[in-house]
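Going by the order they are written in, the chains are A, B and C; count residues from 1 in each one.
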Amino acid sequence: MIRISLRRRTLQCAALLACATLAVAAHAQPTGPIKVGLMLPTSGTFADLGKKVASGFKLYVTENGGKLAGRLVQYVELDDESDPSKANENANKLVKRDRVDVLIGTIHSGVAMTMARVARDTNTLMIVPNAGAAEITGSMCAPNVFRTSFSNWQPGYATGLLAARKHKTAVTISWKYAAGDESVRGFREGFEKGGGKVIKDLHLPFPNVEFQPLLTELATIKPEAAYVFVAGAGQVKFVKDYAAAGLKNSIPLYGAFITEGTLEAQGEAASGLQTALHYADGLKIPKNEAFITSYQKTYNAAPDVFAVQGYDAAQLFAAGLQAVKGDTRKKAEMIKAMEDAKLESPRGPLSFSKSRNPIQDMYARVATGNRNVMTDVIVKALADPSPDCKL
Amino acid sequence: MDLPLILIQALNAVQYGLLLFLVASGLTLIFGVMGVINLAHGSFYMMGAYLAFSLAPLTGNLLATIVVGLLLSVLIGALLEWALFAHLYRRNHLQQVLLTYGLILIFESLRSRFIGDDVHSVSVPAWLDFSIPLGDVMTYPAYRLFMSAVCLLVAAGLYLLIQRTRLGSQIRAGAANREMVQVLGINIDWVYRLVFALGVALAAFAGMINAPVTAVAPGMGMSMLIVSFVVVIVGGIGSVWGALVASQLIAFADTFGKVFVPDYAGMAIYIVMAIVLLWRPEGLFKS
Amino acid sequence: MRSLTTSRGRLAAIAAGLLLLLMFPQFEQDFYTELVTRTMILAIFAISLDLLLGYTGLISFGHAAWFGIGGYVLALLGTQYQVTNSLWLTLPAAIAVTALASFVVGLFVLRTRGMFFIMVTLAFAQIFYYLFHDVKSLGGSSDGLNLRGKPSTAINGWTPFDLTETATLYYFVLALMVAVLVFMAALLRSPLGRALQGIRENEHRMAAIGFPVLRYKLAAFTLAGSIAGLAGYLYAVLGGGVNPELLSWHQSADVLLMVILGGMGQLLGGVVGAFSFVLLQELTSTFTKDWHLWLGIVIVLLVLFLPDGMISIAARVKALVRRSRA
């Protein structure tokens, strides 16, 4: 057994040396293709979201003739399976083995946090097109790690303000993981800012969908409103269970993402549900209308907030590249340009705080039929205070 | 803690316990009679759930789905026994563990490749999709009561089969002494095949009726397997009666654990297991 | 018990392997150097299980518990509670905690036999899995914990070596792997080691002669757990993080497979098994996404047709060759 490994190992090394030389040569050229590492889920619960983000990113590049700052774009794609235990290995593959110029990812916060650590340790540029974990632009922020989506706190805060318009007491229900905890914290701050009080926080382990015991408890507490944070298929089941338990009309349910992409599956159980988010269906913004047309033409499907986030990630990267005329070796200048970027996003005006988190408008929406229709703007240019970021 | 809340949680626990019993009884029967530990047992539960998911739109009604699903499960069970498990009877524990673990990997990969990794839901059949009011704000889903009733029926049927029929006595005899039973002219191979298929059918049936209540998702087989292991350990390997008692005990520990100590809920059943083992290292009941 | 140096061929192979391992980081392929480092850590893990499985005859399906605890001790000391990030304090702590945990669990599980033992070790590993999955004060999250940085080797201002450098960490792990092998070789020749193998052969006979079998099994269980804890610690250092999945039964099954692949009851079995497993995994992953499908098929075929493991291929080929020469 050892003898066979020895021979294989020698051949491997020879091959490696050859590849390494080629890779180093290609990487040094500021005129060769730009390698974009897309680490997103293409399987599992968040597969759909991963595909939407990737499609949004690629749309921007396609709109620019497949190039950014004059250089061709080459994608290196990897399925992260939304698995935090494989995140380190996967991120290292893209950064150390494939030597990408920028790391784009991901949906799941736990995976994204590990990716951000790898990016920090290797000084690789990274743009997060979804994961809302506070640390990424908080206690673990770094100059080279940007985000074009939201921090979990933002939609929670906006929903808190929304719910406080009509209610004085609330109970929160969420999965016990980073995203859930941060979202609930945002809701609490927004709700209390609006004059309300959160009586209790209920939670269950991720990704458990046995909501029955919690709904029972919620019914006993009898708050004026409820706020929920669960994602993926869990949000379908939750909204349906909520209605089945007879709570839909007695305790109004609020959420941020709870109806994103799942209104059809949720059906009647979700009608009239109010949410707050940085995007809505049918936003009357010229850039949005152009984006929707372009997306529809390219993919023959309607875009959603995840596609927008992916699209903006490409826009942000392009802004950095343009400032250095495509020379990715000028990292500091690229980062400065990205930090100061003021983008025209389909969601509205988009800029970034010092912690590299989006500053954006938050919209109140109500679920009507199969769409989350905007009713008004709850708060303009909301920034996450990111108190733990030392940048 | 108010009474209606406790009552509802108790109902949930009984229902979950009966479901666990269906799965664990299959596991303990297969071990008790044939001496084979089957790690892939959870995969049969998963198979039932995915069968329910795939067949429901085709047949349009619950009864038909279950009948077709059960038939398929029995066939698959018999086939697997003939092709693979029959070879395991004379092998040592390590080989049984490894082979059945290999089977889990194969089943999970096949499911991933042919059905995908998405999380699905199965609708509750329309005629059971209502809630019974309990108190002024709370209701209890009728479907869950239906589940408990069905599981009880199956448990009773299992008891009758093993204690009161000729097949049952053959099974019990085969468990005690395989060679003797063969000498008496009974085809022990078919008895074993039947027991195995029965075990598979029980697990698959549990998966089918539980599908509308839970998410049909990757990993559901694994979670169910480990819990049924705990039930079998606590109840005593080979004891169906032990499985019944233990499944209720574990279900109550799990359900009320989630209510009273949510941070430690995941460990609750293992703590119960550890306590039982301190007192009775071989489980509560002998087979 | 076979000695390492029974044949010149074997000795040459081992020397060549060691030489290659020593030279590998010089190729400056960070990604692959880290891959081999990871494999060596898994080898330590596999060797620890082999002490239980191959030499004492105990089939533990929960060995990953000790692996994970070793890593989590570092995560909790260095990152969550920021007590210390010194290698000289956290490494012994990891081994001590794992030793204690495996000792206590051993008291529970070693009273059971056969199939019960297998199931019960699995169940106890689950307790630890849920501890790290659900309990906030222990890291409690399915996301795991990212470490604050690699452990520091500083003593009073002097830093003998820097673990943040890929090559340094590699050599550190290599040295530890060799140390574990030397320790095992010594252990197996000792009275304790011989007693354990006696227990594997025939437990009842050993008890009849008057050996306190339970005590010996407990010693093996604790030793195996401690070495697994060492491996888990190193794994966390290399990966820069911990995750409850380190304690999952998939991890327990993987290490079981490594031992079987490499050959149970062989001193280098763990090393060979770990390298074979990782090689198999890397090669299959480049061609297909269904690595688990092929692994499952290989396992089923192995058990059905080659129950004595891959080692028996070598033995059978040797026998064939001998027969054709005669």
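To be clear about the criterion, a residue touches a chain if its C-beta (ideal position, glycine included) is under 8 Å from a C-beta of that chain, and two chains touch if they have at least 3 such contacts.
Everything numeric here is computed off the predicted structure, so don't read it as measured data.
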By mean C-alpha coordinates, which chain is most distant from chain C?
A
Which chains share more C-beta contacts than any other pair?
B-C
Roughly how many whole angstrom separate the Cα centroids of chain B and chain C?
33
What is the distance in Å between the mean C-alpha positions of chain A and chain C?
37
Report the inter-chain centroid distance for chain A and chain B in whole angstrom, where each centroid is the mean of the CA atoms.
39
Going by the touch rule set out above, which residues of chain B reach two or more other chains?
112, 265-266
For chain C, give me the residues that contact two or more of the other chains.
133-134
Multi-partner residues of chain A (at least 2 other chains)
176, 205
Which residues of chain B touch chain C once you look at their complex with the stated criterion?
31, 37, 84, 87, 91, 93-95, 97-99, 101-106, 108-110, 112-113, 222, 226, 229-230, 232-233, 237, 263-267, 270-271, 273-274, 277-278, 281-282
Which part of chain A faces chain B closely enough to touch in the complex?
43-45, 47, 176, 203-205, 209-210, 212-213, 216-217, 219-220, 222, 232-234, 236-237, 240, 244-247, 250, 265
Parts of chain B lying in touch with chain A, wherever the complex brings them together
2, 4-5, 8-9, 12, 112, 116-121, 131, 137-139, 141, 214-215, 217-218, 255, 258-259, 262, 265-266
Quick one: in the complex, what on chain C touches chain B?
53, 59, 61, 108, 111-112, 114-116, 118-120, 122-124, 126-127, 130-131, 133-136, 140, 249, 253, 256-257, 260, 290, 292-293, 295-300, 302-304, 307
Contacting residues of chain C [partner chain A, same complex]:
13-14, 16-17, 20, 24, 27-32, 34, 133-134, 141-144, 146, 239-241, 243-246, 262, 268, 272, 275-276, 279, 289, 310, 314
